[in-house]
Every structure is written in C-alpha cells, then in structure tokens.
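The two complexes that follow have chain A in common; it is paired with chain B in the first and with chain C in the second.
Take a look at the complex of A and B:
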C-alpha cells in the first residue's frame, strides 16, 4: 500500500475535518444569517451526525471482533480460556436471538417478557454484582493502605477519615461539624488542586489537537506494517 | 512461623474483612435501624432548582448509566423524575449508554408517570440510545430532529406533540444527567453549558465528586452524588430504595473507620515491639 494512501490521505482528511469543526464552532452564531454561516452550520451538523453513525457502527464492529477472538480461542482450545470463550459465544448468540424477537425458522418464538426477564435477572444482576464487588476490594485496600507511616500518609489518613465521616448519615446527624470541615476541604483544597490538574490537562489536550491536525501525532492511524 | 496476634490483626485476611462487611451491609437492610436522615445542602439545592422550573419548561434528562451502575444511580434518578413529574414541565429522556434503554424501562416502571396524569408524547418522551458520546450531545444540541429522527418506539419526532416545536439545546431550560462517567458529566458542560448557557444539574458517583467540584457552581448549578438518594426521597416524601440503604451506609462506614483505627493501633504496637526487641 502506498505511503500516500496509508499515511498522507488520512492526515489530510483529519486536517480538513478538524479545521471545519473548529471554524464552525467559532464562526457560526446561534442564529446564522449569512449564507456562509448557514452552510458551515449544515456541514458541522452533518459531520457530527457522521461521527454518531460511526460510533453506532463500532458496536457491531465490537461484536464481530469479540466473535473472532473467542472463536479462535475455542478452535485452538486455549488452556484455561476456551470454555469461557465458548460460554461467552453461546450466551451472546442466545441474547441476540432473544433480543431480535426469536428466530421462527428455528422454531424459537420469544416475547418481550422473556427478553425483559433475561436482562433483569441475568444481565442486570450480573453487571450489578460485578460493580458492587468493588466495595469489598476498596474496604480491603483501605484496611491495608491507610497506615500513618509517614507525614504524607497521615495527612491522607486524616482527610480520608473526615471525608468518610462526612458521607456517613449517622455522623451527619450526630456530629454535623464534620460536614463543615469536609466542605472546607472540598471547597479550598480539592477544588483548587483539581482546577490546576484540569487546566494542565486542557492545555495538553489543545497541544495534542494541534499536533494531530498538523500530522505530527499519528497514533490514531494504527500500527505501521 | 506462626503470626503473633498483632501481626494477624495488622494483615487481617481479606476473607474476614469481606465477611464483616457483608454482615454490616446485610443486617441494616434486613432490619433497618431507623437512624435519622439529615438532608444535605446539595440535595436541598437540587430540589430548589427543580422546584424553580417555570410552567411548560423543557427539561432534558439523560439516563447516562448502564445496568452495571443501575443499583447505585437509579434511586437518585427515580427521585428526580418524581420531583419533575410533580410539576408542569415537559421531560425529554435520552441515554448515551447502549444498555440505557433497559435502565429507562426499569426507571419508568418505578416512577409510573400515569400516577401523575402524565401522558407519553405530551408530557414526556424517550428518545432511546443515541450513540457517539460527546458528539451525540453536540448533535442533539444543534438539531434534535436531524440527530434523532424517531423516538425509541419508532414514532417520527415531528409526530410527537411535545417535540414539534423543539429544535435543539436553546429550547431547553435545564439538563439533568445522572452518570458514573466523568467524560459524560464533563461532556455536557462542553457541549451544552458553555455554548448555550443551559442550567446543568449533575449527579455522579461519590468517588467522582472531587473531579466535578471545580465546575460547581459556575458550570454545574447543582452537583450531588447518588449516595444521597435517600435524602432526596425523604425530602420529597417518596421513600424508595435509597432511604433503605442509608442505615447500611452508616454501619459499613463506621465498620471501616473502626477497622482502620484497629489496623493502625496494631501497626504502631508492632513497631514499638520491634524497637523494644532491638
């Protein structure tokens, strides 16, 4: 594949699209009047809708990718993995069939009730379980990590304690002073620190955007063969 | 060599910690302790903004969570919709999560708009999942009808009475997002608050609060975490699952505080022992 097709063309497309989006943000007013403003607005809207379509496409792409990766594990019988992959593919196929309302050709007729049942009592329950297991890991990590070993660790411990107490309904009711202390920490220490981090991050993002538009950042083009 | 009691306490096996935590969470859920429910200023402020909406105002409610975080975020979303449906406002609901429609179904079943005399298409509407994250927010803001031609059930938007005259962000009085994602919570600021100056209310996970604090109250007019759902339910007189969790929060947090204190005592006692031994 030629270098122009593989590298230069994507960079040119990125540059043109990026410049159009920047221009339409700064040039087009809320109520466009001039013909060029109306045109720019329409182009901006179209490009945004293209981005949404691409995002929707990635879901289907992700499904194909998962199917390929896990089919490979099953066909190669990867030790310690293939049975999980087989189960994943089986459940994915079942969910797709149920989701699209069954497959009459296979004699499978599914109602909304069955789909709702599977999402509520299988998918939602499992997802919730995975998420809530974090509480156990965090508790265990707090028990091990919160030690007053150094001055910095002691400061972290004290602030952690105050924050935890301020978020505990029982302390909020019987020791309301802790809320004021936590609010003060949030208002002055947390807010100012995070603003610094955010401004730094935003400057970095602007720089990354400029470098991408100039073709100096090419990570998004993928691996070079 | 066997561990001394202090060493054992200092590095308590995780199985024991997990068991104690399960007991601390389960007991108050099964047998509520009836601890008082203090209402924080953040929840009062949230309610005041909803209360202050003018008649006929359009509110965009984005159910920006999936089923994984549903147990944590849904109680606050339910309380918010109860509060909104108490008023004469038009509610446009959407989601940026592919499994968001499942969350919507669960949400709307719990809220039951019929009980408030609200009619689908006239008082509230569900646009479904809009892919694209931040570009979806931008597309909806610029031209709602172009970005979402039909609602979740396939009805063209121009046939839905409440959406006939709505073109985009400038027609909305408020945007409410409940999400576990920092990108989503901050994306609304970039795509709706900065360009259109819409009143934005954000409910996030407690651990995300520090990352959102810099935007409060300038860009995010009301900011709270979903753990305060019980307070909101109590405030608006609609007790739900959030209020039942408050006692469990209290007991689990107190357990964690005590555990950390014990671990530190064991750590310093061990240190002193080692010094004495040397």
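Take a look at the complex of A and C:
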C-alpha cells in the first residue's frame, strides 16, 4: 500500500473532521438560529453518529478476541486457566441467547424476565461485590502509605487522619471542629491543587489534539512515527 | 460569528496553535530547549528490564478507555505509552499483556504491537492474538479479569496509563501483592492521589499527555511541550493577577476571560 493511502489520507481526514468539530463548538450556540449554524450543528451531529457507529462496530472485534483467546485456553487445557475460560465461554453464550430472546427491538420477548433476572441478581450483585471490596484495598493501601517516614508522608498522615475522622459520627458529635478543619483543607488546599492539575491536564490535552490534527501524533493510527 | 462567551477560548486556541507551530519550526532550525525528566516515562525501560530478568510478563492497561468519550485524549496518550512498552518488550523478548476495556482500541493496539516488533526486527515473534486481550466493557467485570491475570500470570511490571475510575486502587493493590513494579498515570483528578500513594512511579495529568512527544524524542514534538509549559506560566500569571484584582474588588480579569 502506498504511503499516501496508509499515512497521508488518514491524517487529512482527521484534520478535516477535527476542524469541523472545532468550528462547530465555536460557531453553533445552544439554540442555533442562523442557517449556517443549523447546518454546522447537523454536520457535527452526523459526524458524532458516524463515530459512535464505528465504535459500536468494533464490539465484534471484542467478541472474536474473547472467543479466540479462551477457546485456545480450553483446547490446550492451560493449567490454572482453562476451566475459567470454559465457564466464561459458557456464560457468554447463555447471556447472548437469553439477551437476544428478550430483546424488544427485535420484537422477541421470550426470555426478557430471565435476562433481567440474570442482569439484576447475578451481574449487578457481582459488580456490587467487586465495588465493595474496594474498601479493603483502600485500607491496605492506607496502612502501607500512612507512615511518618518523611515530612510529606507525615503531612499525608495528618491530613488523612483529620479527613477520615471528620466523617465519623463520634468526632462529628464530640469534636465538631475537626469538620471545619477538614472542610477548610478541602476547600482551599485540595481544590487549588486540583485546579492546578486540571489546567495542566487541559493544556496537555489541547496540545495533544493539535499534534494529532497536524499529523505529528499518530498513535491512534496504530503507528508511532 | 463566534458564540458569545467563547471568544477568548477561540483566541487562546489559535494563540496556542500558532505558538506551537513557531516553536516546532524554531526547534527544527536548531533551537534547543531543555526539559525536566519525567521519571515515570524514563522508568518504562527499567520496568521491562526487570520483567526480562525475572522471566515474567509485562502487564499494560489503558483503563476504562474510549475513543469517543470525554477522555479520548487520555486514551490516545495511553496508546502512545503502549507503543513504547511494546517496542521495549520486543527488544528484550518479554511477553506483554494488554488488558483492553473498550473494543475501539483493539485494532489500534494490534497495529502498534505489530509495528513495534517490526521496528525491532522481530516480526515473526509478534503474537498479538495472545498479547491483546479484550476482557469486558463493564467496569468491575474488567477489574475482576485484570485481577485474575495478575494472580495467575504474576507480571513483573504493571503499567497503567489512561482514564481510571474506582478500579484503579484494586489494580494497584493487586499488582503490589504479586510483586510487580508499577508505573501509573492518569489525568482523572480523583484517581491521581491513589496512584501517587501506591505506584512506584506516577504520571500526573499533563505528563500522560506529554508521553507521545516525550517518548519519540523528536525535536519537533518537544516544541509542543515547550508551548504547554508556556501556557501554564500564562495561566499562573493570570491566576495571580486575577486573585489580586478580585481581592481588590474588581473582576476585570474574570469578565475579560468570559468574553
């Protein structure tokens, strides 16, 4: 394939579409009135829909990827892995069948109750379990991190302790001043730090976008040069 | 023609763009600019080298990535880091595992992986079907799958650059428990403290976005990093002047920036 097709054409397309979306943000108000504003809004919405369609198309890649990787584990009986892969493939097939059987968009309503049941009582319950386990990971991370070895670590320990205690009912009842201290830390120190990081991050994102539009950042094309 | 309230944003964007092009042009003509080292990005080779010595794989994740959402730039930044990680893994013959959340990055990751092995002269050793693993597009199913990879395959290095949410600490603690060196970076404000605490190396906010330019070591790309730092200085000056003027009772800077 020629260089023009592999490299230059995608960069030109990216540049044109990027400029259109940038112009759309700056010239189309929330309630467009002028004909050019309405046109730009429609163009922007169309391009956004195209992007979402392309993204949805890639779900097929994921399904094929899962099927290939895990069927390989099952066929090779990879120690410590193959039974997990077999179970994953089994449950995935069941969910696809049950999901299609209960999909109103397809006019099928055979297994909607079963799909809802599996989503609510299996999938949501497992997700909630994983989320709740986060508390234990936070505890272990705090146990490791809150050690007064350096000045910064000591400051982290003190501020962390104050913030934690301000959320406990005992301190809120008997020592409400700790809430004011925690709120002051959050309002002035934390927020100002966050805004500084936010400004830096925003500038970084803008420059990344400019490099992308100018064809200098080609990671999204799958190449680093 | 410009929407009311967005004029100064437009001016700022044009100014940044023009300055970036000027800086890139000057650097191409020989102007040298020195930058501070970003320890997290310099540590990538150390992490892969450690994995090579221990005979264990390298794990990479770009978080809850998406190329169509608000955090698409951070996902692109994560992919830039993956390109470098893949190249290092190809060079040191270390298996890499890329745990994918969003299906949109699968073809890009495949291409970056194959290009990395091609660049290192080892295209026959590339196994993208084993390295790039789509896990799930559900947050905690993805987290559980990554934990499973950590416990079963015990990577020696874990590199996380991208948009992370609540699962960030789950990853960090799990990989700490299996003894992996961790390089973590995100621009999501509420996850940065978690990475700063548990990561061996951390990339904070803009350092993730600078990765693509920093790792290529292309003089032209570093021009954009110079403009990034220039923009920060302007923001600091405006912030200080604005704070002083607001304290004095006038909101001139605020009203000016709202034009």
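By our rule, the second predicted complex is superposed on the first by the 197 of 225 C-alpha atoms of A that agree within 3 Å, B and C clash if a C-alpha of one lies under 4 Å from a C-alpha of the other, contacts with A are read in each partner's own complex, and residues count from 1 in each chain.
What we mean here is this: a residue touches a chain if its C-beta (ideal position, glycine included) is under 8 Å from a C-beta of that chain, and two chains touch if they have at least 3 such contacts.
No experiment lies behind these values; they were computed from the predicted model shown.
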{"item": "First, second, both or neither for A:61, with chain B first and chain C second", "value": "second"}
{"item": "First (chain B), second (chain C), both or neither touched by A:131", "value": "both"}
{"item": "First, second, both or neither for A:168, with chain B first and chain C second", "value": "first"}
{"item": "Contacts of A:211 with chain B and chain C, given as first, second, both or neither", "value": "second"}
{"item": "Partner chain in contact with A:198 - chain B first, chain C second, else both or neither", "value": "both"}
{"item": "Which superposed partner A:44 touches (first chain B, second chain C, both, neither)", "value": "first"}
{"item": "Partner chain(s) touched by A:222 [first = chain B, second = chain C, both, neither]", "value": "second"}
{"item": "Touching partner for A:157 - first (chain B), second (chain C), both, neither", "value": "first"}
{"item": "Set intersection of chain A contacts, chain C complex versus chain B complex", "value": "25, 51-52, 54-55, 59, 123, 127, 130-131, 140, 144, 194, 198"}
{"item": "Chain A residues touching chain C - in the complex, by the definition given at the top", "value": "22, 25-29, 51-52, 54-55, 58-62, 65-66, 68-69, 72, 80-81, 84, 123, 126-127, 130-131, 133-134, 137-138, 140-141, 144-145, 156, 194, 197-201, 203-212, 214, 216-217, 219-225"}
{"item": "In the complex with chain B, residue positions of chain A that touch it", "value": "25, 30, 41, 44-45, 48-49, 51-52, 54-56, 59, 116, 119-120, 123-124, 127-128, 130-132, 135-136, 139-140, 142-144, 146-149, 157, 161, 164-165, 167-173, 176, 179, 186-187, 190-191, 194-195, 198"}
{"item": "Residue ranges of chain C in contact with chain A within the complex", "value": "1-4, 6, 9-10, 13, 16-17, 20-21, 66-68, 73-74, 76-77, 79-80, 83-84, 87, 100, 102-104, 106-112, 115-116, 119, 129-130, 132-134, 137-141, 143-144, 148, 152, 166-167, 169-170, 172-174, 176, 187, 189, 192, 194, 197-198, 204-210, 212-213, 216, 218, 220-221, 224-225, 227-228, 231-232, 235"}
{"item": "Footprint of chain A on chain B - complex, ascending", "value": "11-12, 14, 17-18, 21, 25, 35-38, 40, 66-72, 98-99, 102, 105-106, 130-133, 135-136, 138-139, 142-143, 146-147, 170, 195-196, 206, 209-211, 213-214, 227, 230, 246-247, 249-250, 252-254, 256-257, 259-260, 263-264, 267-268"}
